[in-house]
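Below: a set of structures, written as structure tokens.
Two complexes are shown next, each including chain A; its partner changes from chain B in the first to chain C in the second.
Showing the complex of A and B:
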């Protein structure tokens, strides 16, 4: 009989669920906005429907992400660092360094044999995270998804000196008023955020290959800016938002395997999908 | 209004060592004692910890008010913000040392009112008769804080004591110039004695000073011996407790009370080791607090580490580098107490120089970390970058990188916050980092199995 594993990654802006056995069977990415925060169970239900499985079919569920602690239907909670490391180790085994650009934090992870051996994290300042781009996109009146593409058409990239997200928004609006073309401003924003991320992750000795994950990895302009800082190309998984959830499911699979090998009982939560309790 | 703000006081941190649990009442009594001393007209001096002149103050019966300590207490009580805000309103930048800002905010407020600010933590910071700066390479507010405090207390004199030490260079022996440094420091200390004599109208009792210097030496050695006991597995005391037991080390040197405290601590740790009683029953990870002052308002984070199976048998913050009897100079032969203080000071700060030179590319601060990692069988390093403390915290990342380059890769965690300013702290994020660090330690240990 097949065993199925679920990984659920509740990030600050997106909730991601994957269901795996030997390969990924289904995945769902949903927003973690104020209306959706409690509803990780619904995202899970949708993933189960896509995989044509019931929740009882799932052998083990691992939750990760900042909202992991209060997912009542998870069998175990594991940190994002471990899950991202495991996910990247699986998807891009040649990677030695992971840069994860999330909605409200940014992480650098050093890998050895597919496991995290060191990490750095920025959770203090929105600059260097997806939030920086969200805020400035709003100020510029541009869709977040369009920023990467637009920045590639820049002719004269302008420097953005404000490192504070709030002031950067003001600065870009002022530049827009001065008639600076939009692509040049957006490319400047990408350079600013790339410099900040590079500075932080540089605390680890960055080793090739570098994998880029999280929502930031979907922004081609930011990817290019980071590659320019690093001086070489980075690896991006097919769906960078899912890396943590994939890692969570794989770690769940590891746990099940280990408990079976050691003949110890597998502790599991009740198989009942409930709303997340973190935000009640 | 700031005056009406109620502090968000934390519940008491759980200590493992009985000695550590005595510290709160001791500090409270000391601070209360300074307020009472003020009422009784005893001479009071604002002073810095690790100042090098503790015994001089004690020998002249001057009551020290440890201003860094008071700011730390405000932080522990989670009641520092109103004093920081007051300092900010006085136009001091929030990015300055928050010990100094807290103290300056308190002083400005107290001087304006002519009495203690409302509900001051543990009775408040008593108005001094003099302020003793400790100008040295340790930190810049030691030069500037009390000068700034004179804005509010222009009648209170400041005396600056300069106690430098020879800088580290790997291509020369500091002993070539150490005599000049000692000579300079002795003159500085002599000037301090003369200043104190003028301020108090008392004469220094040199025999008493010698006795107190000897008592401080013995206390010093006892501290070192007690702390070395923490090498035991399981360790009988962690850094969380050491952030309490440091109090007599930095506030009570040259007092019998300080000596007795460490005698009790030594006995307690011996007893715990004999009973195999550790900070936690199942010690999984041994960590070093590798630098930086702690967030005084978040000492419960050490308990959080403990809850994950991690202990801190050693730290570089608030710790004697070595027993005095292991220095390369026999201090017992130096009979002049001021010269004795100067040599002790110099040997303390230069202790790791020779060891560092033996490892190519090393540095004394890094060498110390390496030695502790080996002696205490350490699995990972935790450092704290406090944004407002430049001197202590600038260079921590560099040390970490150098350590990994010349020694070995070792899991590390950098916590980011402050010593006093709680607005820099987020418990959930901090603990998420600790969780991730524990995962990393486990992954590294698993690879080695």
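Showing the complex of A and C:
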């Protein structure tokens, strides 16, 4: 009989679920929203349906991300640091440094043998995170998804000096009314974020290869700006949003394997997805 | 974690911790004079010798700083602002005087604000030097004698050498008790949790020295009765930082599944692990201890030898503690705008990491609102230690 493992990553902006056995069988990505306890259920059900499995088939569930404590059906909670490290170690074994750009935080992780050995995290304010881009995109009247592509056509990148999200929004709107072309402004924003992230992760002494994960890795303009700072190309997994959830599922698999080897009982939560909605 | 017990030592500590200042208020009603002070650099022996009760002013991480911001700029560290805020809000209305040392800039440069705003019958700044060389020591002795004279004038009587010697004996006895208590953390599991120790030491800051000795002795007796061995062996953590006068942060680490077994904190090992030597002039021993023996970022230590030797001179006591208490990881916990410790972060980190002990550096704001984001970092750090 095959064993199945689920990883659920509740980030500040997006909720991600994967189901794995030896490989990834199904994944779902949905917005987190304020009612993530309800949503955790729904995305899990959807992932199970895609994998044609029932919840009873899942051997072990690991929750991660900032909403990890609000997943009542998880067997274990593990921080996003360990999960991202494990996920990148699996997807991109050559990576030694991970830069994860999430919705409300940004982190750098040093890897050794596929495990985290050191990390830095910035979530004191929105600078250097997806939220910074969201707010400034809104100020510019541009869709977030178009930011990366647009920035590639920049001719004269402008400097954005505010790292405070609120002030930066004002700064870009002022530039726009001065007649600065949109791509030049957006490219300037990417450079500002890249500089901020590079400064923070630099404290870890960045080693090649560098893997980029999280929503920020889907923005080609930001990826290019970071590569320019580093002076070399970075690695991006096929779906950068799923790295944490994949790592969570894999850490679950590791736990099951270890308990079986040491012949100790596996502690699990009850397999009751429906009941969880009562928690709201 | 060790089980809860409700004996007199711990119960007393719990009472004094929860209602910080309750004992001072009682003593005030009995006619005693209570002297507030900031930081570990006020020589309490002199206050005790003069017959006054030293009372360390503490902040409150659960209380938003509101009143203080009208008097103090926000560049002042949040701990000092919280201490001042609590004073303005009437929590320490029983104080007869205040003594402030030239510890860090946030403390020294706000002395005038404390003096003129609180307007207590007695205010004094101890203008302590920052170097540890002989000329600094001579200067410091003169400064301490000025303090002694000023305090005598306020008391309306001389402070005799004999009284000083007696006070030194009491404070040393208290320090020895704290050391004895720390010994009980060396066991696995430690007989007393980090949160309990923090509670006892904070409680001790607000009661007379004789009562502190008695309370800590009571705690030691109670805790020694504990036993039991746990199957799992959580990571043993040491916390390094400035003044941590609330159990919440230590509790957060222990709730994340670790034991806090050692520290370099105030109140904590930094403040209690060094004694005043008996000297012909008791003020000599006091000066030597406060200037040279308390190893704190506020004191500048002259560079000696190569970089490794220099780090060993400054932080060797931390390395010793890591060894003695079998520490697996160090949490460096620094408040925003803390100048002495903020500047020292890279050196402390590189010193401890050079000994192959992992370090988690956290910058915080002296407020419970940050607990959520600290939790993720602490849990990740413990996972990282656990997978080593």
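Please note the rule applied: the second predicted complex is superposed on the first by the 269 of 280 C-alpha atoms of A that agree within 3 Å, B and C clash if a C-alpha of one lies under 4 Å from a C-alpha of the other, contacts with A are read in each partner's own complex, and residues count from 1 in each chain.
Throughout what follows, contacts are C-beta pairs under 8 Å (C-beta built on N, C-alpha and C of every residue); 3 or more make two chains touch, one makes a residue touch a chain.
Predicted model only: the values in this text are computed from it and were never measured.
Student: Should the superposition on chain A be reported as showing a clash between chain B and chain C, or a fit?
Tutor: These partners clash in the superposed model.
Student: Comparing chain C with chain B, which touches more residues belonging to chain A?
Tutor: When the residues of chain A touched by each partner are counted, B comes out ahead.
Student: Could you say whether A:248 touches chain B, chain C, both of them, or neither, answering first, second, both or neither?
Tutor: After superposition on chain A, A:248 lies in contact with neither partner.
Student: Please indicate which partner A:140 is in contact with in the superposed arrangement: first for chain B, second for chain C, both, or neither.
Tutor: neither
Student: Tell me the contact category for A:119 with respect to chain B and chain C: first, second, both or neither.
Tutor: both
Student: Please work out whether A:205 is in contact with chain B alone, chain C alone, both, or neither, and reply first, second, both or neither.
Tutor: First partner only.
Student: Check whether A:81 is in contact with chain B, with chain C, with both or with neither, and answer first, second, both or neither.
Tutor: both
Student: In the superposed arrangement, what residues of chain A touch both chain B and chain C?
Tutor: Residues 66, 78-82, 115-119, 121, 123-124 of chain A touch both chain B and chain C.
Student: In the complex, go through chain C and note every residue touching chain A.
Tutor: Chain C reaches chain A through residues 358, 373, 376-377, 379-380, 383-384, 387.
Student: Of all residues in chain B, which touch chain A in the complex?
Tutor: Touching chain A from chain B are residues 397, 401, 404, 409, 411-412, 414, 416, 424, 426, 428-429, 432-433, 435-437, 439-440, 443-444, 446-447.
Student: Note which residues of chain A are touching chain B in the complex, please.
Tutor: Listed in rising order, the residues of chain A that touch chain B are 66, 78-82, 85, 105, 112-113, 115-121, 123-124, 203, 205.
Student: For chain A, which residues count as touching chain C in their complex?
Tutor: 66, 78-82, 115-119, 121, 123-124
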